[in-house]
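Sharing a structure, written as structure tokens. Questions coming.
For reference, chains read A, B and C in written order, and residue numbers begin at 1 within each chain.
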Amino acid sequence: MELLTIVTMLALIEYFYFGAKVGGAREKYEIKAPLTSGNEMFERYYRVHCNTLEQLISFIPALWAFGYYVSQPYAAGLGVVYLLGRILYFTSYIKDPSSRGVGAMISGIPCIILIFGGLIGAAISYFN
Amino acid sequence: MELLTIVTMLALIEYFYFGAKVGGAREKYEIKAPLTSGNEMFERYYRVHCNTLEQLISFIPALWAFGYYVSQPYAAGLGVVYLLGRILYFTSYIKDPSSRGVGAMISGIPCIILIFGGLIGAAISYFN
Amino acid sequence: MELLTIVTMLALIEYFYFGAKVGGAREKYEIKAPLTSGNEMFERYYRVHCNTLEQLISFIPALWAFGYYVSQPYAAGLGVVYLLGRILYFTSYIKDPSSRGVGAMISGIPCIILIFGGLIGAAISYFN
């Protein structure tokens, strides 16, 4: 399960990087805690970070379920697509939030495949 | 561990459905990213999604800990209660946020049992 | 893997406690759902809870990766540091949000060590 661990840790490093950018934006745009709004640019960084958290809660368990019951290398491959999709999501959201769709899809579709693949794989294994 | 995987994937599909409803509400009530407020109905969908994320971070690890150290079928059974409680939480929150209590309890209590059961089961196993 | 399970369940109980404080603050400061702002004190409790969720999504997978590929007792030890750092984060944030830095570091640094340690451990295992 090394490949799945490596992809998971890379996803956390990517997420950590997005979080560091929120911290930087908090300083730059002078948004004092506990506020999370008040400046459009800060809010963009903040929302990318939130949205990535919303994805990770699905991505990580589904990556492992798919990797265990279907195929570890395919799970890892879909994981790499997710990682790249998130980079595009980040860069496009910061530039213009209305352009975030493509990055959202490139990172979201692998998650959907991993979830349904993991579900079907586990169900087949259970009924055999 | 097939049953735990199946319940986990179903919880992610439920969560994904709630997320899709947030996306729909964003269009319908014309809340432009990065905004997450400005319309009461949108905020209801958004909060259900957030609250479900807050639950999933506990539910998934605790489901597995309980399933591994206590009982897999009981873990899965509590997981099904959680899944149903979340549906009630969603429907009641959208109708009237002040009525969300019952759904919150039906999904929250299984989580508490899973966490403490998993903790006690692992501690007993460790000291034996 | 009992130690990792025990630390994970303790982290979830800590998080659950922070969530209960948000619920209490919601009542006390009369912030009606779906609102999450409108009172500075409520927002402090709310942000501690959110920020802990943001940490848990990294902490739990990284704890297990490090525990599996590097060392279980060291992972558990770093986990205890994380747990204590979160308590300091909570108490200092509630008192004065600008003083949250030390608690954030004491809980954040163990996460970074766990992530990179888990990544390196898995990579070494993969290439051997």
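Going forward, contacts are C-beta pairs under 8 Å (C-beta built on N, C-alpha and C of every residue); 3 or more make two chains touch, one makes a residue touch a chain.
Everything quoted here is computed from the prediction, not taken from an experiment.
Residue numbering at the chain A/chain C interface overlaps only partly, since under half of the positions present are found in both copies. Superposition angle, chain A onto chain B, using Cα atoms only: 120 degrees, a multiple of 5 between 0 and 180. Per-chain CA centroids place chain A at a distance of 19 Å from chain C. Those residues of chain B in touch with two or more other chains are numbered 53, 57.
On the chain B side of its complex with chain A, the touching residues are 2-3, 5-6, 8-10, 12-13, 15-16, 19, 32-36, 49, 53, 56-57, 60. In the complex of the two chains, the chain A residues touching chain B come out as 40, 43-44, 46-47, 53-54, 57-58, 61-62, 65, 68-69, 93, 97-98, 100, 112, 115-116, 118-119, 122-123, 125-126.
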